[in-house]
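To start, the structure under review is shown below, and the notes come after it.
Read from first to last, the chains carry the letters A, B, C, D and E; within each, the first residue is number 1.
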Amino acid sequence: MKNVIDRYSITTIFFGIISIALITFFPSQETDSGLSTKLFFSALLIGYLYFTILYKNDYVKKRATSDITIIIFLLLVLWELLTQKLGVLSTFLYPSLHAVIEQFKADGIELFIHLSASIKLLASGVFLAIILGIPLGIYAAMNKRLEFVLRPIANVLSPIPPIVWIPYAVAILPSFQASSTFIIFIGAFWPIFINTLNGVTNIDQRYIKSAQTLGLKPWTMIRKIIFPASLPSIFTGIQVGLILSFILLTAAEMIGSSAGIGYYVKLATDYGNYAKVITGIIFIGFIVTIIMTVFNKLENYLLRWRN
Amino acid sequence: MKNVIDRYSITTIFFGIISIALITFFPSQETDSGLSTKLFFSALLIGYLYFTILYKNDYVKKRATSDITIIIFLLLVLWELLTQKLGVLSTFLYPSLHAVIEQFKADGIELFIHLSASIKLLASGVFLAIILGIPLGIYAAMNKRLEFVLRPIANVLSPIPPIVWIPYAVAILPSFQASSTFIIFIGAFWPIFINTLNGVTNIDQRYIKSAQTLGLKPWTMIRKIIFPASLPSIFTGIQVGLILSFILLTAAEMIGSSAGIGYYVKLATDYGNYAKVITGIIFIGFIVTIIMTVFNKLENYLLRWRN
Amino acid sequence: MSTITFEDINVVYEKTEHYALKNLNLEIQSGQIVSLIGPSGCGKSTTLNLASGLLKPTSGHVKINGQEITGPGLDRGVVFQSYSLFPWMTVLENITFALQQKEKERKEIITKKAAEILKKVGLNEKVQKSFPSQLSGGMQQRVAIARMFVLDAPVFLMDEPFSAVDEITRNQLQDLLLKLWEEGETKKTVLVVTHNIDEAIFLSDRVVVLRDGQIQQDILIPFKRPRDRFKIDQEEAYTKIRHDLLKAVSGEYN
Amino acid sequence: MSTITFEDINVVYEKTEHYALKNLNLEIQSGQIVSLIGPSGCGKSTTLNLASGLLKPTSGHVKINGQEITGPGLDRGVVFQSYSLFPWMTVLENITFALQQKEKERKEIITKKAAEILKKVGLNEKVQKSFPSQLSGGMQQRVAIARMFVLDAPVFLMDEPFSAVDEITRNQLQDLLLKLWEEGETKKTVLVVTHNIDEAIFLSDRVVVLRDGQIQQDILIPFKRPRDRFKIDQEEAYTKIRHDLLKAVSGEYN
Amino acid sequence: TETTSTSNQAESQQQTENNEQTLVDFAIGHLPTTGHSLYYIAKEEGFFEEEGLNAIFHPFSNSGEGITAVTAGKLDVGTFGTPAPLTFEEKGAKIVFLGGQMGTGAGVVSKPDLAEDLRDIQNFKGKKIATVKLATGDVVLRGALYDAGIDYEKDLKIIEMNSPADVIVAVKKGEVDAGVVWAPFVEKAKQEGLEIVKYSQEYYENHVCCRIIADETRFDENYTNYVKFLKAIIKAERFEKDEKNKEKVIADIKKYVDVDPQIIEKDIYGGYVDQSADPNKKAILQMRDTMVDIGYLKDDKDISPSIRTEAYKEALDQLLNEEPNDPFYQSLLKRFEENNL
């Protein structure tokens, strides 16, 4: 118990209660903040308590959870004050918290349907980028001639906005789905390829030499030495590739489809429905956090040999 | 002389001459390939010879130049054959080489004016990202509490498509120019920040320990140890940031401005003027190659201590 | 005046349950040269890291002149087991950079001092402009030693400093160490890890034998200084001490 | 049968104009143990790297049984100066992985073999599951030695293999080396770099002294095997050889 | 030389100061298209200056961003289609519609062998049609389908694309049967061997496309400037409609919209794009009704108060005051009454 209740958790709980009181009792401009907002704040507080108990023996994580929770409360209260309570910000660009929560409730199932479309698209695009980018990167790094040809090509092609490829993708590829996948693929490919190439090039020569004396077959060399040694860099590449593919999601999902979380946001932007835009962004942020957490856990496990 | 004329240069020159012959004597579908195309091919060949002589003592670079030149010739001839010569591809999406060269000639000066606007925008955005991202990354890595707060925030915010910030940037920032700069900035910021953070976190502890025994003041520690030790990673971050900022250029330059190379391409896309689109892309590719070459040279010089 | 005291030290590395040091009590008096020997993995480097302030004990106190050590500092020079030069600085820069932390001198003076100490450890001018990655292992180690020597701290902490160099160079470096130890108003306090028993005897006032994170033996070396390394090994006491140490060290394998 | 021959070798590292090896001619006969000694930076590691096939000479030929060496291979085991274990494998995996390259055995047999050799170099079971970064310097070095020993190649190339371990362990490892050397049908060919003159004499059939990339001296060691390290140093020949070697090595500083 | 250069500098400085005294900055947001020609003509022919305005153009590629800029007070006026501002208005953006710029101008294109068939709207059933969502043509087509009793969600498949260029590619490749595009892509599609099934005005006569919008408070506070602005635009319309200015008009537009002069001519004088400054309140309301029909908007309020025709009327009155006998202005007055009252 002493592990759970410390000065961080007390401050945070205090903050949470003050926040709930503020949105409840501060007079609203137009409508009331709504029950949903209060429930949401309470849920946040309960979520915080859950993590505090979960991390009860890890001081650093506990403190971080507390810090982040306070920041979230601060931002939310500020948002609510400026929109709903004081009406300083236009409700057009800055929908009230209440409106966003209502939007969430209204679009809940729709969002998950969109999500599944996006995940399918992302998974296939990024997967393609990984299974092409990593082997090609390793192969190019091991074959200087290829490297000297591919590096300048990568330098020229990688910064070209992937959206300019869209008409060509539509013209050449068999289906809209394939075109969308291609746009995601091309965004994720370059960082994965370049980072693999650089990672392999920068492997500490001692490991390579040491491996050579064992007379490894090329395939064993790649699988057991080159791949694990360049794995830290490959992970960075995949991370950047993932970020880029998220960024391209909106563009990719506007190619002849009407599903996907990027489509949802883009459409909302075009319609000036900012409650929807913010709902979409928060949802994306949430999903991305989950994906990145899993990804980082995997990374930490696979790279546990680093000190 | 023996250094210049080897089997690579002979193959390449042979290829170049065949290409010129092909576009000259192969019957065209509509108009002739035009003098400019032939001159362009010849210029390419002369450019190749220049680099071969320049690199006459560097076998690897010479071979790479030759490989790349042959690839370029192949692509160009294929392009010309499929468009101008055989008319297989539609001239709407695939303008003939001749049309692109003519476009270049027509828009030459304009392109450079656009370029200077883009460079200004890129420079200010990326510069801001560098002077904020690197110190913040270093500071966060040295202060675990801050790191544990900023890392999840970065994980959530970095994959949000920078374009969704545009309306808010337009609403909040004082000018369109500032909004454009902000979009470039936000694109370049995250990779620089995250890579700096990771770079500092992954510094070999031996260097830190060694430095600590010298009783360094924090500022010296940062400047002389932490910064150079994480420089390889910081450079990767800047490289990715640059790529992202190029990708965002089109979006950023369409915020109430009418200058910039991204604007040029986007406008051409909107008008369906693909000769212009391709001209713009090739021009961007050219500029990016120059920027990246300078950047890599700087990187190699500053990191020359790596073996 | 720099007495180092270890009081009831326990060290357990993260994620292991193994005691790297267990209930260690040790005092190194000011001006003494103390060698730490023992089988590899017995906790020598760990002990040195405690004295340098780079490692905090899991429990117990490490003090210098009665003051608890809170972190590393310029009052204690350190040579690490694996030569920890900064790879982005040339050999000369590695030295001048360290010197600049200690004294605010003009650049030329610092460079001159650095070049001198490098020459003393046997590295010529051509080597000074190289990056560490261009040097052989022994050369890198000598640069690390030079870097510590030039700082002239009242305490020297050295982890197998001479293990990567040939016998002649090693002898010269030992002589240099002893010369620097005596120089100045008060003698330096030196804690040196070695696995060479002869070296331990030749250099030290006391030799401490560690085993499994505990002190196995703490032996006084009675020979007068200056010592002649080719003479003391003829003395009777030497053979006895050497024998004792060997026995203490080899206990592990019986 | 594995005779190694160096013919008119010159080595100049990229970007330097300095000859790391200059006109070197050397033959190491099959079954011989040859030590390379000399001041640090004299080219010992360079010579070893040539024999391992990891470095190509700028000019000249390195041959094994008259066949030019084109690259590294399982016919030559190598221990590097800086322990080059794979940090992403545990200690045990480092050994089993190497073994798997040589023989297609069942997993348990390989693991058993690996555990045995690790015990022989003094590393217990708990250590076997650690990653290299969790070990002390000497322990890592012993893993590297174990990895070479277990491969049982006809040629051993070792670069300061015992410099990071204490005297007792060193003696044990030396004995192990000699045992493995004699084992099997034909004796192994061993080229070992050391900076310990006593070690060189105790182990070798011949000691080659390098200086500035050239052979300074090539001395035959006449003592019969098996040798007793505590007896041969009492012999007259020993003192003379030791003196000669010392003089040869120290030439640099006169 | 130094003194002359400084005096030159002083002189030019004074000049700009003079300009600033007389000319009021007026920020105009637009989409770079031939359809927004009145702005270009007014600028190039000096009509803005005549009215004391210093027009500054800000092109956007995305209507959402442009409308946001208007509501954020970064633009005095903007022209970003009609459906987009209507949806923004519904979402609470405080904007007013004060004038017009372009009407009609979209078209449905298909491969030649299908075109004849598709002229009968009933034949859209079971087809795949590519559109760019929220474009005027998209609303028009869906509206026409609705009116013809076709459910665009069930009876056919509408596929949304990023841009008209993508639409053309998709149609050409046979990925879809037909597509909705707008100027200048209607002409481009023809060049690409596609055929025009119908122009948009064949579905809805005189439907509006791009309306001039402004922020409500800004409009009220700077009302006189808006009148001046509209006067310049009306003058531009008169200039444009005068056939003898054709070459000049095309040259003026070419400065801002870099497409083939032939396409400009086709767009401006070809009859399928209507260039008019009239707010056309009725057509806006009709467009809104269509959007309600097809489910884009809710039928929950009257937007008439947001359509502020008074500035246009006042501008027209002032012009008629200045040139009472101008037949063109007189015709505009008549048109205004037909379209707005």
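Quick notes
Criterion: contacts are C-beta pairs under 8 Å (C-beta built on N, C-alpha and C of every residue); 3 or more make two chains touch, one makes a residue touch a chain.
To keep track of the chains, here are their UniProt names: A, B = ABC transporter permease; C, D = ABC transporter ATP-binding protein.
Predicted, not measured: the structure shown is a model, and the values here were computed from it.
Here the chain-to-chain distance from chain D to chain E, counted in touching steps, is 2.
Rotation angle relating chain C to chain D: 180°, from a CA superposition, given to the nearest 5.
With centres defined by CA atoms alone, the chain at the far end from chain D is E. Between the Cα centres of chain C and chain E there is a gap of 82 Å. Chain D has its Cα centroid 27 Å from the Cα centroid of chain C. Chain A and chain D, compared by their mean Cα positions, are separated by 51 Å. Averaged C-alpha coordinates give centres for chain A and chain B that are 24 Å from one another. The multi-chain contact residues of chain C, meaning those touching 2 or more other chains, are 82, 134. Multi-chain contact residues of chain A (touching two or more other chains): 93, 163, 167, 171, 269, 274, 306-307. Looking at chain E, one finds that residues 62, 64, 68, 71-72, 163, 165, 169, 172 touch two or more other chains. Two chains count as a pair here when they touch; such pairs are A-B, A-D, A-E, B-C, B-E, C-D. Within the complex formed with chain B, the chain E residues making contact are 29, 32-33, 57-62, 64-66, 68-69, 71-72, 74-75, 163-165, 168-169, 172, 184-185, 188, 191-192, 257-259. On the side of chain A, the complex with chain B involves touching residues 60-61, 63-64, 67-68, 71, 93, 144-145, 148-149, 152-153, 155-164, 167-168, 171, 190-191, 194-195, 198, 202, 205, 232, 236, 239-240, 242-244, 246-250, 262, 265, 269, 274, 277, 281, 284-285, 288-289, 292-293, 306-307. Chain contact summary for the complex, chain A toward chain E: residues 90-93, 163, 166-167, 170-171, 175-176, 251, 254-258, 267, 269-274. Here chain C touches chain B in the complex through residues 52-54, 71-78, 80, 82, 84-89, 97-98, 101, 131-134, 151, going by the rule given at the top. The part of chain C that touches chain D in the complex is made up of residues 13, 16, 18, 37-41, 45, 81-82, 122, 126-127, 134-139, 141-142, 160, 163-170, 172, 195-197, 246, 249-250, 252-253.
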